[in-house]
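Here's the structure we're looking at; comments come further down.
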Amino acid sequence: MAINKQVANVEEACKGVRSGMTLMLGGFGLCGIPENSIAELVKTGVNELTCISNNAGVDDFGLGLLLQGKQIKKMISSYVGENDEFERQMLSGELEVDLIPQGSLAERCRAGGAGIPAFFTPAGYGTEVQGRKEVRMFKGKPHILETALEADFAIVKAWKGDSSGNLIFKATAKNFNPLMAMAGKTTIAEVEELVPMGELDPNEIHTPGIFVQRIFQGEKYEKRIEQRTTQPKV
Amino acid sequence: MLDKNGIAKRIAQELQHGYYVNLGIGIPTLVANFIPEGIEVEFQSENGILGMGAFPEEGDEDADLINAGKQTITAMPGSAYFDSATSFAMIRGRHVQLTVLGAMEIAQNGDIANWKIPGRMVKGMGGAMDLVASAENIIVAMMHTNKRGESKLLEKCSLPLTGVGCVKKVVTNLAVMEIKDNGFYLVERAPGVSIDEIVEATDGRLIVPGDNIPEMDI
Amino acid sequence: MLDKNGIAKRIAQELQHGYYVNLGIGIPTLVANFIPEGIEVEFQSENGILGMGAFPEEGDEDADLINAGKQTITAMPGSAYFDSATSFAMIRGRHVQLTVLGAMEIAQNGDIANWKIPGRMVKGMGGAMDLVASAENIIVAMMHTNKRGESKLLEKCSLPLTGVGCVKKVVTNLAVMEIKDNGFYLVERAPGVSIDEIVEATDGRLIVPGDNIPEMDI
Amino acid sequence: MAINKQVANVEEACKGVRSGMTLMLGGFGLCGIPENSIAELVKTGVNELTCISNNAGVDDFGLGLLLQGKQIKKMISSYVGENDEFERQMLSGELEVDLIPQGSLAERCRAGGAGIPAFFTPAGYGTEVQGRKEVRMFKGKPHILETALEADFAIVKAWKGDSSGNLIFKATAKNFNPLMAMAGKTTIAEVEELVPMGELDPNEIHTPGIFVQRIFQGEKYEKRIEQRTTQPKV
């Protein structure tokens, strides 16, 4: 009998997220972000958070909401260019920021979930990112040693999920979600559609349920679009 | 002198049949509009799509389908979606044949700076550091000078680096240059642009191999 | 004294609600037949399935659906398939709560040997080295002595190791022992087996905490 | 327009595989092995091969066929217990064998495809596998440094594929196939069903086409079962 991870609602899902913790939050830009859980974190007022997320949302949506409430102590991201409040807090020194190449961020999350404590990558060699990291040549090319990232809670958003925690993502809303799901001590998944066990094709699962500890269906999704680019109808 | 579309059009001539291509934000994105007839290429966007298509028609936008510039896009037949680790496996593992990206500064040894202006702008490197550290074939698309009229082609970058010795070719509004012999080796002039104008606009070492530098054929 | 099913039944008592479990080939496989009532566990097989079910009914075998022992199996509702790197990510990343495997030798410090007999048998380690190096909770299921009547519980392994200091508990046909204080700490006797018989069959340091070692309740 | 990788048949697919090369071959046991390509390699008689494959087939099927013809110089595998001819050649010294923990083998293939030259893993520490590899402590636990594996050709087998090389695997026939597909300088994919471009759901792709250089539909599949275990019909 498969293990049941379903919780009743976002309140129950986010139980135990406390001030000072390290969180991973899935999404790229506003695409595939755990909207309902972020709203809950805003509500509970938990603060002094270290947030690992590729971006920091926009001023009034996504992680920007947590920045507004000054709930974030430190951001670990690759790109934060869409958020004025972020820039203000960073330049004023209120917010610590660790900027990481996007591929290294993704691989470090995966490594954290996969029990790989460190790996070599060429990204960032010869730049500020290198810092004091070990440098080693492979096939004549310099690489730097990057270490795994882990989090107290990983909070991800999927398209469909079942009660045993299996997840399916949609299109490019996948992004960091499956990797962060692997790296949380506790992983919370919010989904647009929660189906009974056995309704998902085991061949189509992106994140096997073993990586997910709590799953719930989000109440509503705004799914805001950051750059609405279109061409005229033909 | 070329405009942004001209730069993109010239870079599109570098596309070869069967190439997987990653296009950065800005001028590089425009390259997709000028794919030469009769060749097949696929565009990879590092947020997780292979086979990126045009912008959607009004009303067909899908919040779950964007490119690395956060723009709504469409997917071509034969496309695939994947997570960010797989995406950078493609990039780091050299499965992407060509990377086109913008820059704030390029040095004559191939160094590139395009992610940070200390004290002024710190948006982050996004995927740029992985791209420039990994790609075998990197073309920079940019204006030859910045808004203050200063050359972006330098002996040495003044801004924090994105990658070292990695740029192979630069296409600007004035010229096509290869990076070799520790210099910008002039290959083509933009239509109507003289060698002197290019020399004037270039701060780093410009290598001009003779007087007959051909004009771009675009 | 227990038979193989008895050993499996005793180990099944170690299962806890919500556990993901990897069962090795041989006696460990039998554990799946004795899941205690009222608890939910899922079996992971390292070739790429979570939610492994029973053997298929005759005629329903699927060549594409096997376990790590290459046996045809079925999938339970809620199962998932994945590649071998993801599978060992689960194992190395400690998402699997319990690993049960067989052994040729166990040392009193928790070393285990189960993959090679130099000059005689070199089948390979398969996933065993990853499993023992990674799992937080490893139970060994085996007979107390080998076919020649020699103890498999030793001061030091004589065969090439699979992992060092990793085994937490051993369940044999004679006893349940925890590995602690550099010894086999006797916890339970098999039904009808005396302490003396266990002492006799154990070459390594057996720690017997008093005369009242309980009999297994199976 | 997506790139067309389709080749006419197995002969064309295996062109360029020469004696002395290093090959990766997908599959676990006989499950998910590239049957048609193996048969073609037997036919061409290419030899002195280094084969990276989790197993070595059985005496008369899978890689066992290449062993019979003494076409393999060296095997890099995790488990080879199902093959008597293998054991004979190994013990007689005809065949070089490098045995690698299964998880390290999988991760090393992925690393090869992902441009990660080396990573740390706990597997094999304190054993023969450690050898002269670097040992380093992370969180108080010893790990060894393993390096990436690459191959001249990776030969994989999928369930469905399209002409741009996108692959979908079935059930546990996935195993090493997606990882090896990433790590071949040239990757050959044979599929049970080759569909026109656009017929696969881009959300369900396991191996994106970028990793595959040649694809063809296998002529026939025996799909032999190694351990037929059943229970009586109820």
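A, B, C and D are the chain letters, set down in written order, and residue numbers restart from 1 in every chain.
The rule is short, and it goes like this: contacts are C-beta pairs under 8 Å (C-beta built on N, C-alpha and C of every residue); 3 or more make two chains touch, one makes a residue touch a chain.
Note that the structure is a prediction, hence the values are computed from the model and not measured.
S.K.: So which chain is farthest from chain D, going by the mean of the CA atoms in each chain?
M.R.: B
S.K.: Using CA atom averages as chain centres, what separation in Å is found between chain A and chain B?
M.R.: 28
S.K.: Report the inter-centroid distance (CA atoms only) between chain B and chain D in whole Å.
M.R.: That pair's centroid distance is 36 Å.
S.K.: What parts of chain C, by residue number, touch at least two of the other chains?
M.R.: 49, 75, 81-82, 85, 88, 91-92, 134
S.K.: At least two partner chains per residue is the criterion; list those residues in chain A.
M.R.: Where chain A meets two or more other chains at a single residue, that happens at 107, 110, 114-116, 121-122, 169-171, 202-203.
S.K.: What are the touching chain pairs in this one?
M.R.: A-B, A-C, A-D, B-D, C-D
S.K.: How about chain B: which of its residues touch chain D in the complex?
M.R.: 17-18, 20, 40-42, 44, 49-51, 75-82, 85-86, 88-96, 134
S.K.: For a test of understanding, state which residues of chain D touch chain B in their complex under the given definition.
M.R.: For chain D paired with chain B, touching residues are 1-4, 110, 112-116, 162-164, 166, 182, 197-198, 202-203, 205, 208-211.
S.K.: Would you tell me which residues of chain B are touching chain A in their complex?
M.R.: Going by the criterion above, the answer is residues 45-49, 54-73, 75, 81-85, 87-88, 91-92, 111, 116, 119, 122-130, 133-134, 160-164.
S.K.: Quick check on the complex: what are the chain D residues that touch chain C?
M.R.: On the chain D side, the touching residues are 28-32, 54, 77-82, 87, 90-91, 97, 99, 101-107, 109-110, 121-129, 159, 169-179, 206, 223-234.
S.K.: Once bound in the complex, which stretches of chain D touch chain A?
M.R.: These residues of chain D touch chain A: 107, 111, 114-122, 136, 138-139, 143, 147, 168-171, 202-204.
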